[in-house]
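One structure is given below, represented as structure tokens, and several questions about it will come after.
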Amino acid sequence: MDLLLVIYVLLFPGFLFLLAYGFLLQYLDRKIAARMQARVGPPLLQPVADFIKMLGKEVIDPAGVDRAAFDAAPLMALAAVMTAFLYIPIVGESPFAFQGDLVLVLYLLTLPTIALFLLGWLSRNVFSSVGGVRAVTMLFIYEVPFFLALLMPALMAGSWSISEIAGWQQEHGWFALLQPIGFVVGLIGLQAKLERQPFDIPEAETEIVAGPWTELTGRRLALMHLTMQVMLVAGSGLIAALFLGGPLLPWNISPAWLATIAGFLMFLGKTLLILVILASLKVATGRIRIDQLNDIGWKYLASATILQVGIVLLMDYIRVGT
Amino acid sequence: MPEVVLPIGPQHPALKEPVNFKVIVDGETIVGLELDVSYTHRGIEKAAEQRDFIRVIPLLERVCGICSHAHAQAFCTGIEEIMHLEVPPRAQYLRTIVAELERMHSHILWLGVAAHVVGFNTLFMWTWRDRETTQDILEEMTGNRMNYGMNEVGGVRRDLKPGQISSILSRLPKLEEQIGKYVGMVRGEETMLLRFRGIGKLSKAEALKYGTVGPTARASGVDYDIRRDDPSIAYAEVPWKVVTDTSGDVYGRTLVRIGELQESLGIIRYCLEHLPEGKIGIPAPKVAPRGEILSRYEAPRGELVHFIRTNDTDRVERLDIRTPTLANWTSVTVSLVNQNIADIPVIVAAIDPCLSCTSRITILSERGRRTAEMTWAQLVDHGQRFYRKWGRS
Amino acid sequence: MSGVLREMLENLCSKPFTILYPKEKVPIPKGFRGKIAVVDEKCIGCSRCARVCPAECITMIPDNTEIEVKGKKIVRKKRPVVKFFRCIRCGLCEQYCPSEAIIMKCELSESGTDKEVLVQ
Amino acid sequence: MTGLLGLEEVKSALERFGTVEQVRSNRIKVKTIPEKIHEALFRAQTLLACDHLIQISALDNGQSFELIYHLTGPHGTVIAIAIELPRDRPEMPTTSDILPPAGIYERQIYDLLGIVFTGHPNLKRIILSEDWPENEFPLRKDWKPRPKTPYGGVRQEER
């Protein structure tokens, strides 16, 4: 059992699979965006090549920067999202599942933003500081509706474990259908978390160069990119588990191994679906301003989520009442 | 946050050319602004005084890559008027076709840049794809994609063959369809509307007060267009109308430019279909009589002015170029204050700034025969000395 | 918004617009001003091209060669030498040459990285 | 667009400042002196509806500096108000208070020709680079680049 657990963490479906799938998702993301923009797009191994190239590049320390903290922040961010991934069901239930892992995962997925803010603040560059402040400001805007939307399935399923929520949907149907508003808010929140258009405000190229990323070089940049890549996998896996039933099939398949493979394929299919939605959103929109995001976030996203909360409570009341 | 000086430029991803704004921001709001456009001064006005009328035109085309025809055009029509030359109508029509193609490629380019500035890279890719059509037509007509070398004093240098006319006409419908799509996209794309509406607003009175020109002025309801007010080449004979808008913001400027794209398409089509027969140029004398002229032309970015003074020689005594970007800078510096940092690139891009036009360093030695160069070591040394001095003061 | 989505889908289903340069090449139209070339046997050594060149990339060097122009034999005194990397492809030399001896070929000119060649 | 301005209209408004002549159908040139330029511009703005300053052309004709203010309005006539400044004391009051766009043109002229506009709020270098030597104005006819110095007028012996 211990050996299996080690294999689970390190090889499949743990870190090795996570990294490989991260590269694949990034490739698909770039390729789909490129094709929609009438471009050719990168070859299959381009994300890997980029990563290796960046690892080999010189690391430049801005004058007066705290090197230890500057090195640690990307590592911390990467470690956080990789840990978060372990709690997401990929082939059947996650072996680490416990009551409350949903809260832990949500917390861990917030850490990269904090790391970005730290990097921006530490690098003593105007563009980075402005970018860091923007990243945190944005966090306060999208985090509330995002959390609320993602906690709604837990409320309805009556469990705080992601795997159990996924299992609940096997019997009762997908939360994407039961809670469509929450699903949409979840996707928008994920896009904002990943700082992709229309929410790439902290790294707005034409305004503040690259925001917190401006002074990142070499392996720090590589690790930070990898973090975002892994977060794309973890985030889409989380949404897939919470709203699309994760790896579990709506019906029972008799041999266990077939069910496992089918579940894995379900996971791949669902995350790819989410990726296509996110990539299309990226292609179809421009960047909005931070004050406009504030308006949209609090006026529409937050109130839509509150509406969803109300509906869920009402549904629960009716269900329990009957 | 305390007040922070944000250096925008000289090298900055939003600016395609070197300009330096020292923007003083309080949080996300701009409270002050300083401007320096000195990074691309090339001394073209001085160099133009050293060259005869044949060799000066390629130089003037290189004032700006995008509106190269506009500069040559303004200069040629000015000199022709001083020389009292009657340019044949076919040459005028050919000039108009190139001028309008240039306007189209400039406006499509601008639309892409504006979309890129607000992070909407998709429209940027699409517009630049469709811009290739105009570039291909220009390449086929003139031989170059940029710096067409079409103008000379007394006419144009290349003629259009009948086969080329039909080939150009056959490519226009596709372009028209794409431009029609942009109208829908600009009006319908929510994030672009959010970033363009109400940004960089100039009322009609302000636009007049700060001397704005071109699409920037027309978007504020100022009904000035040199092509109609002071027509040169074939504009007086071609049916077309001036596009204006009343909103005065970046959105209005976008609509004006897209409207002008459609007008330009009509002008090109009319000119190609009604191309008069005849010669494409008349021989021009080498020497211009004494005289001065203010030659105005509506470049894609606005009113372009060449003030030319000649004095019985084969060179100009003085050539004073006022580019549209310079005229529009005043309004930019005014309208940036109290805006958001995120809107700097949008407002700056909305006037379609062309800095190589604005500040035109080649140092010419005696009589402009040979350009002096700095070796790399000299340059490094010069830079170090300068900044040491600068640091002390 | 719908316009954007439709265009996105259309692009997804059609071929990319990009031309992958070394593999495929753009057709160069007739009359393209490309690399400058001197046809030595036609040149009569009048040095008009050198006078008209705005970039001063053409210099005349002494060269006593007998050439044939319209059946007559004459001796030219000079011939043009072109510094390729100074050429700005304005085509004035081609236009002013009386014997079509200097032409712009329909091919792209090379690029160079060596400064000495570039500025000469 | 209203019709073109006639010579008589312009004469009645601006004749008191100097000679008025019709150069072309839509170009009228007025010659005046530096002291009166401010008032002339103001009258052109108020009486002739000239709301747009096209350009301030500046040139050095060897003996003096000439400045020509080109104004236009909805009538489409370009009114050129020309003045001459002595070479030994190139100074004149700024017009940027009544014509805001003149501010940036005056900075350019100050930079390239060395004409000082008194009262200008921000008369600083704009076109030439920041390390260009002081008191060298490249558009003056007597300015000649030194063949040996590579950049501006920074001399080699300073090293």
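Here are a few things to note about the model shown:
Order as written gives the chain letters A, B, C and D; numbering starts at 1 within each chain.
One rule holds for everything that comes next: a contact is a pair of C-beta atoms (placed from the backbone, for glycine too) under 8 Å apart; a residue touches a chain by one contact, two chains touch by 3 or more.
Being a predicted model, the structure only gives us computed values, none of them experimental.
Should one ask which of B-C and B-D has more C-beta pairs in contact, the pair is B-D. Mean C-alpha position of chain B lies 26 Å from that of chain C.
Mean C-alpha positions place chain A and chain D at a centre distance of 61 Å. Centroids of chain C and chain D (each the mean of its C-alpha atoms) stand 42 Å apart. Centre-to-centre, using mean CA coordinates, chain B is 23 Å away from chain D. In chain A, the residues that reach two or more other chains under the touch definition are 36-39, 283-284. Within chain C, residues 1, 4, 8, 11, 17 each touch two or more of the remaining chains.
Applying the touch criterion to all chain pairs gives A-B, A-C, B-C, B-D.
Interface residues of chain A facing chain C in the complex, by the touch rule stated above, are 32, 34-41, 280, 283-284.
Interface residues of chain D, counted against chain B in their complex, comprise 1, 26-27, 51-55, 57-61, 68, 70, 72, 74, 76, 78, 80, 99-101, 103-105, 108, 112, 125-131, 138-139, 144-147, 149-152, 154, 158-159.
Across the complex, chain B meets chain A through its residues 1, 4-7, 12-14, 25, 28, 115-123, 125-126, 129, 189-192, 194-195, 340-345.
By the touch criterion stated above, chain B contacts chain C in their complex at residues 51, 54-59, 61-62, 122-123, 126, 129, 132, 136, 139-140, 143-144, 147, 149, 157-158, 181, 184-185, 188-190, 369, 373. The touching residues of chain C, counted against chain B in their complex, run 1-4, 7-8, 11, 17, 29-33, 52-56, 88-92, 95, 104, 119.
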